[in-house]
Every structure is written in C-alpha cells, then in structure tokens.
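Two complexes are shown next, each including subunit A; its partner changes from subunit B in the first to subunit C in the second.
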Partner chain A sequence: MMEFDVQTWIKVAAFSGGGLAMGFGAIGAAIGEGYTAAEANSAISRNPEMAGDIFKAMLVGQAIAESASIFALVVAMILLFTNFAAESFVTVSVLLASGLSMGLGAIGSGVGSGFPAGAACQGMARQPAASGRLTTNMLIGSAVCQTPAIFALVTSFILLFTNFSGRPVSPTWAAVLGAGLAAGLGAIGSGLGGGLVAQASCEGVARQPLTATPVTNVMLLGQAVTQTTAIYGLLVAFVLMFKNFVPTDSIAPPMALLGAGLCMGIGAIGPGIGEGFTAQSTVRWIARNVEATADLTRVMLVGQAVAESTGIYSLVIALVLIFVV
Partner chain B sequence: MGELGKVHQLLIPLGGHTLTFNLEAILMTWIVILVLTAFGYFATRGRSILPGPMQALGELFVNQLFGLADDALDKELARKYAPMICALFMFLVLSNWLGIIPHLEEPTKDLNTPLGLGLMGFFIAHYAGIRAKGIKAYVREYFEPMFFMMPLNLIGELAKVVSISFRLFGNIMGGSIIILVVSYLTYSVLLPPALNAFFGLFVGTIQAFVFTMLTVVYISVQVK
Partner chain C sequence: MAIEGVDLVKAAAFLGAGLSMGLGAIGPGIGEGMAAAKACESIGKNPKEAGLLTRTMLVGQAVSESTGIYSLVIALLLLFVV
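Let's turn to the complex of A and B:
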C-alpha cells in the first residue's frame, strides 16, 4: 500500500505543475516561430537578394517569440528543483495553479509574437530600404505582445513565493487555483490579438514607410486596449490570492471562487482576439490612408470598447462570485 | 530570493486605522523628482538659439510629446494639457529606468504609484469632459444607448483606471521578478545585464509611452 501524506501530494503537485507549465507553454511559441519561418521563406523567394537580412530578422523575431516559452521553462524548473515545505494541503493546489497559470499564459503571446516577425520578413522583401524601421517596429510590437505572458508569470511567481500555508485549506485551495486559471486563460486572447495588431503595423510600415510614426503609435494604443481583458484576469487573480476568506466546510464557497477564476479567464479570450481584429484593420488602413488617422482611431476605440463589454460582463460575474455569493 | 515581495512599510496607528507608508516607493519617487528637477534646471539655464546638449534633450521631449497631444486634442486643449503629458512621460520613463541602478528600485513597481497616476488621469479626463460638454451632456452619455446600461458604462469607465495602472505595474513588476529569479538561478553571471537592458530600458520606455498615450486618449475621448 502506498503512502499518501502531505509531502507526497506536494511532490505530485510540483511535478505535474511543472509538466503542465512546460507542456502548455511549448504550444504557442512553436506555432508562432513556425509561422515566422514560413513567412521568411516566402519572402526570400520573392526577393532572394535580401536573404541575409530576412534570415537575421527571422532569427531575432523567433527569439522574442520564444521568450514566453522560456518563462514557462523557468517556472517548470523552479517547480521541479525546489523543496517545498510540507505544511499544508493548500501548497498542493498552489503549485498546480502556478504551473497552469504560466503554461496557459504563454500560449497567446507565443503565437501572437510570431505574426509581427513574419510580417517584418515579408516587409523586408517588399521594401528593403525600410529594413531598419521594420526591425524596430517588430521589436516594439513583439515586446508588447509579451505583456499578457508577463502577467501570467507575475501570478505564477506570487503563487510560488507567497506563504499560503497559514490560510484555511478550504476555500483557499479553490481561490489559488482560480487565480492561476484567471491569469493563465485570460492571457491567451490578448496575446493573440496583440500579435495581429503588430502584424498589421509591420505590413503597414513596409507598404508606406512615411506613415511609420502614426502606424507605430496606433499599434501601441490598439495593443494596449487589446490587453485590457488580460488585465481583468490579473486583477481577479490578485483578489483571489490576497483576499482573506473565512474557513468553510461546505463545497459551495470554494466552487464559487473556482468559478470566478474560470469565468474571468475564459471570458477574456474572446474580447482579446476580437479587439485585436479591430486594431489590426485600423492600423492596416492608417498605412494606406494616413489622413484619416484621427477618425480611424476614434472608431477603433469605440469599437474595441463595445467588443470589450463581454469581458466586462465576465469581470462583473467573477467579482459577484467572489464578494457576494 | 527572500526579498521577493517584501515591502518596507512604516505603520502609523491613527484613531483605530493604520496609516501605511511604503518607504521604498516614497524614497525612490523623491529621487526621480529630484533628478527631474535638476534636469529641468540645467535644460533651461542659459537658453539660446543654439541649444546646448541639455536644452536639446529637453526640447526633444517637449516637441515629441506636444506633437502627441496635438494629434489627439485640438489646439487649445493641447496647449493646456501638453505640459502635464510631458511631465508624466518624463516621470514614468525615469521611474522605469531607475531599477537598472543597483540598490535602487522602480517606484512604478509599487501598485500605488501607477494607481495614483491612473486616478490623476481619470479625474483630469472627466474634468476636461465636463468642461467641454457641460454636465448635462456628460451625464447623459452614461445612459446611452439604453438607460439600464448605466451601471455597465460606469464599470467600464472605472475599469479604465484599473487597466491603465495594472498594465504598467504588471510589466515593471514582472520584469523585476524575472531579473531577480534569473540572477538567482545563474548566480548573476552573463544574463542579468541583457535582461536589465530589455526590461528596464526597452520595456520601461514602451510602457511609459503607452501609459502617457492612453492618458491623452482618455482625455480626447471625453472631450469629443
């Protein structure tokens, strides 16, 4: 007969958390990097003279797209090689949540930051003179794409390095799991959407290098608004991690907290991608018709606000689940 | 690793409540303020048609940020709010860069700093909105498209403060956590300087710009 004490369960959670972090974390970056390489090849076949520069841009873009996966690797390594104190069953849930948060959170940013890198490669083939500006634009766009993954990382590290063992096991186990899911799932849509915006801006700079300044500015604005729902996910995660809950024997309060995390996490995916589409098209058309920048930007902001309303519904329901139910 | 998440606080009990002062954030904010004041002094001392290096740097900031405000607002409002926009950006950039100096920390790493600045932007935007449209039209906007949408419009407006401040806080906090953890894992060999350059200088500048631009846009959305 095997022994299942706290120590064993914590080991189980650390190992499976590490596996989940790296497993999920590997999905996004690989897709993004593959897309970049595909675009780079198509660009080289159009303009073989630029092969050297395009190859370099591809490698730089892929390196940035990989950073979300590297965050997941760091979290997985910490989970595998740290000895966690066996004080409370809450730690089991904390370790799982930490792995899930970082793993899920790396998906969107990994895929997303592949898009601008691909568009930059295409742009270099099309407009070799704008290579420098394109590289800068790609770097800025992909760096901002990483923001949702960084939010997931913050949640993951706070879970790992805060001492939750003094809290009541129920409902804290559900609260921390909900926090991990809210931050992790919430980062998927915004990471992907932010990538779409950055892609359009690299394309736009190549199409009309003179519009680079408004294109980059509106890209940053569009990406920032696209990230809003990921920030709601981070907010719900913070509330779930730092609010003191009363101990309970009933199964209902923990489920409400878990539900709050799931509600915010899943609810943030759609608005992130949708707002990304809005900003993508705006940036694309600003490059073609720069005189209309003011109107396009205003309609983009209103459209994004409307697309975001479903994310706000999720936030409201999540907060009701935490504070009222 | 123990220093992660530790905050030096001064607690003063006052009539049943406790006043909490985050000493590090206050000290670092004062360092930023002093450096900026010194910069302002040296940039404007002995102004001439042929600018010295400090004056040129100052003019660069003012020019760029005035242009940013001018694009989003009309002439009169741009003249009114550009100094605030310029100060906000310079404060944020310096704050985000401060962490690359050993023993100093970004004041923006403490949620209270971005939240305070976000609230400032929120109140300025709404004040500008009421001034431009009048209180009636301002209030009526909350009841559009239907009157029962009022609570959601209100939450959407408040969520802007949350999103602008958490975006800055999350990025700066995340960067500093990554630097701390990687330095610990690699015994501070090789990687940390590159990470400092990326998260401190590059991401710090971008996020300062994003924060500033969002503040401008919030004002411009309110006045239109």
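Let's turn to the complex of A and C:
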C-alpha cells in the first residue's frame, strides 16, 4: 500500500468534498425549477394574456429555488480554493463532512421551492386579480422552504471554519462526519414537505382570494411543524461538533457517533415529508371550506404530532448513541 | 491499532442501531402523514364527521406506527442487549 502524507489526504478530501457538495447540491434546484417552468408553460397556455406576469413569477420563484444550489456552489468553491492547514487527519473527515452536509442539504429545499412557484404561476392564469397576493405568498412560502438548506449551510461553515485539529483523531473523525450527515440528510424531508405546504397555499389563494389570510397563517404553522425534524438534525449535528470526546483506540465509539448522525439524518426524512402532506391537504381544504378552519387545524396538528413520533424515536436513539453507550 | 473481534461486533451493533431507527422512521413518517392528509381532506368535505374521522385517522396511524416501533425495539436491543 502506498503511504501519503497528511497534506495529500487533505487535498483529496477537499476535492472530493467539493465534488460531492456541488453534485448533490445540483439535484434539488434543477428538479424544482424544471417543475416551475413546466407549470408556467401550462399556465400560459391556459391564459396567454397573463404571459408577462407568469413569466416574471416563474423567474422570481426559480431564483429562490436556485439559492440552495448557490450555497452548495459557495461551499464547493471554498473547498477547492482554500489551503487547509495540514495539522491532523481529522481535517480529512471535516472537509468531506462539510461537502456532504451542504450537498445533501440542498436537495429538499431546491425541489420544495419549485412547488409554490409552479402553483403561483398556475394561480395567476386562473385568478389574474390575485397576482400580487400570490407573489407575496409564494415568496413567504419558498423562503421558509430554504431554512433546512440554511441549517446545512451553517453546519458546513462551522465545519470549515472551526479548528478541529486539537481534538483526538478518533473518535472526532466520526463525530464530524456524523454531524455533516445529520444536518444534510435531515434537511431533505423538511425542505420537500415545506414546499408541498406552500404549493397548496398558493393554489388556495388563487382558488379563493378571500381566504388568503387563514391560508397563509395555517401554511406557516404547518411549515413550522414540518421544519422540526430538520431542527433535530441540526441539534444532533451541533452536539456532535461541539462535545468533547475522550480519545479512544477502539472502533466502537466512533461507529456509535457515525450511527447517531446517520440515525437522525435518515430518520428526519420521513416525518418531514409526511407532515408536509398533512399540512398541504389541510391548507388546500381551508381554501375550499374556510368555516372548517378550526377543526382542520386541530386535526392537522394531531396528525402531524403522530407522524413526528418516529422522528423523535430517531432523536432518542441518536442521543443514546452519543451520551449513553 | 489492532481491532479486536468484540470491539468490531460492538461497532457493528452501534451502526446497525442507528441505521435501523433511521431507515425505519422513513415509512411511518410518510405513511402517517398521508393518513392525516386524507383525514383533513375528508373533514374539509364533511366537517360534521370530524370526530369519527379523527378517531379513524388515529387508529390508522397507530397501526402504521407499528413498524417504527419495531425499528425502535431492534435499535434498543442492538444497543443494550446484544
């Protein structure tokens, strides 16, 4: 086997991390923006007189969906063009984790932000008078969709700009990798789910502009609940990055920390998407039957709470892996 | 650094516990969300039956939760028993 020095391994990790960040990071925004463009075309064919407004809304919506990918581009550029100090092998893992975190974290928000933009385009064709309100609603909804990607960006930046080289190589290498995966994978479900909710609210505002206020309010409530699993991912990532671990020669403690990150990251995907479905349907029906708003909101929160439970199990197992075993 | 057999088994159990709970949370999360989505849709169509619909939703969700609980049990077994 060939032996390389730390400097070489750090370069390898920086370039691989940069590639992973931009590669994964390109998936979401491209799908989301393609969906928006498809909906915009269909909307223009329905109401060609609104073509100008719909085109503008499409571009604004796509610009927001693009931001998750731009975060990934920034992280990839930093990884490619920074000279990282070759002090410790931990840096190898830190750089990979930072790329993975931002790359995976951009998927959900990119796809999710495409949904409200598409619905806003369709809405303008259907209800030209509500264009202003639709644009506002789309901007609020897509902005909330971006928060999971921002969590991933924060984790990625902390990994890049904190000096981990004083920490013991084992188990810190696994802790930082786990942190990147928890924040990155954890952002996928919430980004997608938040997009579904915002889509239904844009659709609802166009269907019945008089219900815009309850529709926007319940959208924000539903999106907030949908974000919780991404916040669990961020929480586990922070614990993994900032807790001081005792040095070890054994392989079990690092695997426990990596397992904790994977557990929380993957475990956050399902509840995020499921809670998004729930809130999407609730918001859609508030627009059709505004008298039932109170009942619908209550049942939405109960349903989301039950769907949240497996996310909480994941959080518990992740914390047991970090603090108990 | 020499890795002993016992150590490797423990490492696999920890990683397995994390994967078990993480992957096992995907299905129930999405499924229960869909159940709640349909319940909300039905309440929107027929608000008078809100009580019955909420009850049915909760029973359905409880059943679809079971696989999530299996994952939790397996994860805890891997962590503390095996």
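We adopt the following convention: the second predicted complex is superposed on the first by the 322 of 325 C-alpha atoms of A that agree within 3 Å, B and C clash if a C-alpha of one lies under 4 Å from a C-alpha of the other, contacts with A are read in each partner's own complex, and residues count from 1 in each chain.
Please note the rule applied: a residue touches a chain if its C-beta (ideal position, glycine included) is under 8 Å from a C-beta of that chain, and two chains touch if they have at least 3 such contacts.
Values in this document were obtained by computation on a predicted structure and should not be read as measured data.
Student: Let me test your reading of the model: by the given contact rule, A:A256 touches which partner, first (subunit B), second (subunit C), both or neither?
Tutor: After superposition on chain A, A:A256 lies in contact with subunit C alone.
Student: Between subunit B and subunit C, whom does A:S45 touch in the aligned arrangement: first, second, both, or neither?
Tutor: neither
Student: For A:G274, using the defined touch cut-off, is the partner it touches subunit B, subunit C, both, or neither? Pick first, second, both or neither.
Tutor: In the superposition, A:G274 contacts subunit C only.
Student: Name the chain, either subunit B or subunit C, that contacts more residues of subunit A.
Tutor: C
Student: Quick check for you: in the superposed arrangement, does A:L221 touch first (subunit B), second (subunit C), both or neither?
Tutor: first
Student: Based on the superposed arrangement, let me know which partner A:Q7 touches: subunit B (first), subunit C (second), both, or neither?
Tutor: Neither: A:Q7 stays clear of subunit B and subunit C.
Student: Give one of first, second, both or neither to describe whether A:S314 is in contact with subunit B, with subunit C, with both, or with none.
Tutor: So A:S314 only meets subunit C here.
Student: Overlap of the subunit B and subunit C footprints on subunit A, residue-wise?
Tutor: Comparing the two interfaces on subunit A, one with subunit B and one with subunit C, the shared residues are 308-309, 313, 316.
Student: How about subunit A: which of its residues touch subunit C in the complex?
Tutor: 189, 193, 229, 249-252, 254-256, 258-278, 280-282, 284-286, 288-289, 291-292, 295-296, 299-300, 302-304, 306-311, 313-314, 316-318, 320-321, 324-325
Student: List the residues on subunit A that touch subunit B in their complex, please.
Tutor: Within the complex, subunit A touches subunit B at residues 71, 74, 77-78, 139-140, 143-144, 147, 150-151, 153-154, 157-158, 161-162, 214, 217, 220-221, 224, 227-228, 231-232, 234-235, 293-294, 297-298, 301, 305, 308-309, 312-313, 315-316.
Student: Which of the residues in subunit B come into contact with subunit A in the complex?
Tutor: Interface residues on subunit B, with respect to subunit A: 1, 4-5, 68, 71-72, 152, 155-156, 159, 162-163, 166-167, 170-171, 173-175, 177-178, 181-182, 185, 198, 202-203, 206, 209-210, 213-214, 217, 221, 224.
Student: Inside the complex, what are the residues of subunit C that reach subunit A?
Tutor: Touching subunit A: residues 1, 3-4, 7-8, 10-12, 14-19, 21-41, 43-45, 47, 50, 53-54, 57-58, 61-62, 65, 68-69, 71-72, 75-76, 79 of subunit C.
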